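My questions will all concern the structure given below.
Going in written order, the chains are labelled A, B, C and D, and every chain counts its residues from 1.
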Amino acid sequence: MASTPLSSDSKHGGHSHIINPWVLFFNMLWLMFLLVITFIASEFDFGNVIINNVVAMLIATVKAVFVIWIFMGVMHASKLAKIWVVTGFGVLFLMFGILGDYATRQYEPVSGWETNVPNNGGSAFPREWPPQKKPEQVGENFRPRG
Amino acid sequence: MAAIASDHGHGHGHDEALHHQFEDMEQQNDSYIVGMWTFLVTEVMFFGALFLIYTLYRSMYQLDFYLAHKVLDTRMGMINTFVLLFSSFTVAMSVRFAQLQNRMGVLAMLGITQICAGTFMVIKYFEYQEKFGHHLYPGPGFGSSPSYLNGASPNFAQLYFGLYFGMTGLHGLHVLIGMIVIGYLMAKWWRNSPMVTKDYIPTELVGLYWHFVDLVWIFLFPLMYLMPKP
Amino acid sequence: MSAIPADPNVTAVSATPRTETNYLNADWSIKSWLLTGDHKRIGILYLVTVSFFFFLGSIAAGLIRYELTAPAGFILESETYNKVFSAHGIIMVFLFLIVAIPAILGNFLLPLMIGARDMAFPRLNLLSWYLFMIGGACIMGGMINGGVDSGWTFYVPYSSMYANSNVTMVLTGIFIAGFSSITTGINFIVTTHKMRAPGMTWFRLPLMVWALYATGVVIILGTPVVAVTLLCIIFERVFHLPIFSAELGGDPVLFQHLFWFYSHPAVYIMILPAFGVQSELIANFARKRVFGYHLIAFSSLAIAGLGFLVWGHHMFISSESMYQGVVFSLISFLVAIPSAIKVFNWTATLYKGNIRLQTPMIYALGFIGLFTIGGLTGLFLGCLGTDVHLTNTYFIVAHFHYVMVGGAVTAFLGGLHYWWPKMTGRLYPESIAKWNAVLVFIGFNLTFFPQFIVGFMGMPRRYHYYYFAPEFQPYHIMSTLGSTVLALSFIIPGLYLTRSLTKGAKASANPWGAHGLEWETSSPPPTSNFLQIPVVLDEVYDFDPVTEHEQDKAAQALEVPSYLSNEAKSIESEKEKR
Amino acid sequence: MFSNFPATPPQASSFSREHDLIFYALLALTIIFTVMVGIGVIYFVIKYKRGSDADRSRPIYEDARLETAWSVIPLILALIMFYFGTKLFITMRVPPADAQEIFVIGKQWMWHVQHSNGVRENNTLHVPAGKPFKLTMISQDVIHAFYIPAFRAQMHVVPGRYTTMWFTPTQPGKYHLFCSMYCGTQHSEMGGTVVVMEPREWANWIENGGQSQATLTLEQSGERLYKQLACNNCHGAEDNMRAPSLYGIWGKKRTLTGGRSVIADQSYLRESILRPHNKITNGYSNTMPVYDGQINEEDVLKLMAYIKVIGSSVGGPSSSGTDTAAAVLNGTKGTMSPFAANAIQYQNSSMRRVDSTPTTRSGELAVNAIAAQQEAKGN
């Protein structure tokens, strides 16, 4: 049994489905194409920094899905493996709920002065911006605080 | 509990690749695949936490991160991505050859993968060297060549480079571990060990791991190298 | 009650004949132990090492309690005190609680309960023990080298910038021990999915297996997060990579988010297996199927799932957004419900049972009481308004000790007694064990109940001195007195269980007359667990209290103690000879 | 319970009552459920103990209605508690607009509090009853937590970001202030007292720069001491039978009994206060008591400062020289720079009462003292 190629013994190998090499090859080409798209998209302005980021991440996600689905063979894997893949990314998504804290902090009805500084993420250290107005800082490691 | 003896004990005891605790190869293969996937899920969570930290800080300090990221060489990142994608393909092919028990095919494909991994690490080395040369490694001497900061706040740029070195470093460590594991696997194939030749699963598991390394890079590359202008 | 807690149908039920070679005496060489792939031997290895760590952690606990009897301390410096409580926390959480029930009882029982020859990955299982040992050695190394004083929570920036350099070593140890848990978790999940005996459907699984499965899921999804979070501190300390550094604009609160994203589910890693043990004990000593089996099974999974959604309730006052606080509080209240269901179901299982008050059952009943208090006081802390006052005080210390010690440790002791005959093939002395179980309950309440009061009064946790608040002292003295009783009640089982290894009566395959695949094989089981893989045909916990009671009655009428089977009789006479 | 064996923290803020109501409601729930489960367990164990003749027929294994009941009833109770707890929490997190702001800095291992008018204190917090206060807090090093059990108020103090808490004290008294977030070696000693004062008392306190009474200059306290020790009974504005007047004495030549003469300088005055019998002014007898061992050096310095003021005036109190003295004593400080005045005040800090805080000493006034020095140097 062990001497015969596993492919001929479907019962033995269980889910050991052998993928057509051309599928793998075209998948690679497709991924490389998407990579070029990623690069082009990063140069292109869709009008909004959020949209730009979302587009970049969407393309990356599509790439990831193709790697998982075809290269990693989830396409032919058992249902259990599929469930685990989904669970893993699902809980990862849950973990990003941590960001909800930072997103909602600015709406807290506390009359603090840190909220007056936009885009500072609640950090008490004010950022000096724009930088071009600043004098040249040579050899200085840290910008003075406050 | 009224249990009766099962009639299928070690039915396949003669199969060299079958471990004693399993009933048959199907159960064993399935177990290994599921086990590997659960392990990969832990890896997803492992890198996921870092991605979370990165997402948060980048959303806080978008402009500084954007300015700091300009130092990175996108060409090198692109080349590395191509290399990793190609190595993913060769690993997938090696799994295919393992299923077909084509020993030379597996060795050739894994060999190419090793070369790709080596190329990746060499490019990474040059990238790191450049950053060190520009005093962009976080710590006391950070930013002593301010022109390389492109006007980003040295504090926030330090956060960016901290994450850059942390995440790409951990990814690089995974590549290194992958190289060692693939090397071990190649040695097994080279010596015609029944552990790999009679059973494609070890090759498949290594392949899954390698794809995961690729997967991490697929996200790292656009996040680190290709930031849209805020 | 006789020293042999036997059952009328012991010999009738044990299908597998007793074999002379078992997993313990198969090979005596040290190498055979250190290179074993046998889940039972790995379980025993864990038992030995974890007991050692529990001993160390308890000494630290004793020091803390002793020191706190005086408002200004009298044996330790503040710095030493901080190192002692950190050592207590780190050892107890990472080297005892997370490992105790899953790695000792879980490793030993999971394949036996589902009718498998071994775990799915025996070598991985052994690796997990070695990782645990390396991790433990690193942690111990850091402590011997001078100790860490950052507490087990390692909050930044204290741990990353202000604590001494031993933190790096201890964190490395925890990181490695984390991978030990991960490998155990992978093994549990794959084993439960793939290694079940024919006929062992999901709803024939003992509740212990359900609990271990849920534990595995939590380990897999949670542990890597804390691993990488702690790794970030190592990065910060060793490689100067600023990740949480507030000076550079990083956020120390983010560390807490990531830390509790694991460490809250980690609480369920500790308590879920305890639920499993508890269900086994209650069912087998009430001689009755667990009430609401499905609900308990699903509530295990519900707890595992919801456990990932409540990490923020550790951070209500740590500058977390108010809105998120409200959401987390709501989910925390919801997660209390599956736990409440379990308590009610265990109580209802007793109804119309045929209850035997043996040692494991006393532990199980104690568990119900302590866990009820521990769980309900959790509501005080999940409730936003009261949490503001009670968090970071002794109230929270008392609360989680009620859950962790009153819950997990009590269940662990109960489970250890229950499966002791299976693990060692020997019986422990029943009467002393029974009284000791009562002692644990009393000592525990004496120790931790006063802490609720002193916590409500506002005594912050991790305080060395309280000379400025002498009103706290009476409660600390009570607590220390209780802890002496508790310490005694932990030493006694150590002694009699060790003694029983050589002096104890030989156990039959099923000394409790219990139900479950692990009792089908001999005690101790052979290396391959079952001579032949069993096929499961009947339902889980298939007891019949009515018939049993009638049999008892009939036996009483004949004035022959029914539980003295021929085998047990022979042991009895042997004892008399001695 | 007993006053020396308390089991509850004092209620001293507007949150305390509501908090305790929720706490006791939860406590009641806890007791009810624990007793219920406890009685259930004990009853079942006794009734269905092995060998008992209880009816065991038709046992139930699953009962959807029962299970729903004990899932839903706790759920409803939990949601009720959630509602009240959340309501209180939101109140605690939303400071009223009229709350007065206090700034708190946590550092290893002390609390540094700054009131909005610049008064600083360390490890204490003085607040009046009946007025809302908002604390804006930040840490200099690690995470701390500002915790006042009597107020049921607690909040982390984080480096790099401001956190806020607020409260309205209600009950005057002294309460514990703790750092409840572990912060290092002396964590347990990072704390102090919260003093809740009557509003008027507090107004006085804050007005006087963090002391119950206005600070006195060295001269003023010397004057007080001069009267306290009854020096003025004999050493009045004019020479009299018992003793010579000290007005205008400073730097003058004094003739002693026996014909010797001395200049009335600091060392003479000091000796005359402590051991008056050594140098008795001509024409007077040795009637002054010996103060050596009776008053300390600090008091001597104060007296000296006062005597210097009155001694520098010419003639009696009505003469022009005393104007300066009166000006100094009344705190108008004449031509002194404000820095110098502060410097005097700084020197004088030992007069402070016990509830004054070290930072006042080392804080603003000290800074001004240094400034005065520098000013003098510059001149």
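The rule we apply is simple: a contact is a pair of C-beta atoms (placed from the backbone, for glycine too) under 8 Å apart; a residue touches a chain by one contact, two chains touch by 3 or more.
This one's a predicted model, so the numbers in the text were calculated from it and none came from an experiment.
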Which chain has its C-alpha centre farthest away from the C-alpha centre of chain D?
B
Looking only at C-beta pairs in contact, point me to the busier pair out of A-B and B-C.
A-B
Express in whole angstrom the distance between the two chain centres, defined as the mean CA positions of chain A and chain B.
15
Chain B and chain C have mean C-alpha positions lying a whole-number Å distance apart equal to 35
Based only on mean CA positions, could you tell me how far chain B sits from chain D in angstrom?
60
If you average the CA atoms of chain A and of chain D, how many Å lie between those two points?
54
By residue number and range, which residues of chain D touch two or more other chains?
93, 160-161
Which residues of chain A are in contact with two or more other chains?
80, 87-88, 91, 95, 98, 102, 108, 121-123, 125
Which chain C residues touch at least two other chains?
193, 221, 225, 247, 249-251, 253-254, 258, 261, 322
Can you check the complex and tell me which residues of chain A touch chain C?
80, 87-88, 91, 94-95, 97-98, 100-105, 107-108, 121-123, 125
Within their complex, state which residues of chain A touch chain B.
1-2, 5-7, 11-16, 18-19, 21, 24-25, 27-28, 31-32, 35, 38-39, 42, 45, 49, 52-53, 56-57, 59-60, 63-64, 67-68, 70-73, 77-78, 80-81, 84-85, 87-89, 91-92, 95-96, 98-99, 102, 119-123, 125, 127-129, 131-132, 137-143
Interface residues, chain B side, partner chain C - complex
1-6, 8-9, 19-23, 27, 30-31, 34-35, 38-39, 41-43, 45-50, 52-53, 56-57, 60-61, 137-140, 153, 155-156, 158-159, 162-163, 165-166, 170
Could you list, by residue number, the parts of chain C that touch chain D in their complex?
78-79, 82, 149-151, 153, 155, 157-158, 161-162, 246-247, 249-253, 286-289, 291-295, 316-319, 322, 325-326, 329-330, 333-334, 336-337, 340-341, 343-345, 347-348, 350-357, 365, 368-369, 372-373, 376-377, 379-380, 383-389, 391-393, 453, 456-458, 460-466, 468-469, 471, 474, 545-546, 549, 552, 556
Chain B contact footprint on chain C (complex, rising order)
13, 15, 111, 115-122, 124, 182, 185-187, 189-190, 193-195, 197-198, 220-225, 227-229, 231-232, 235, 239-243, 245, 247-251, 254, 258, 261, 515-517, 519-520, 528, 531-538, 542
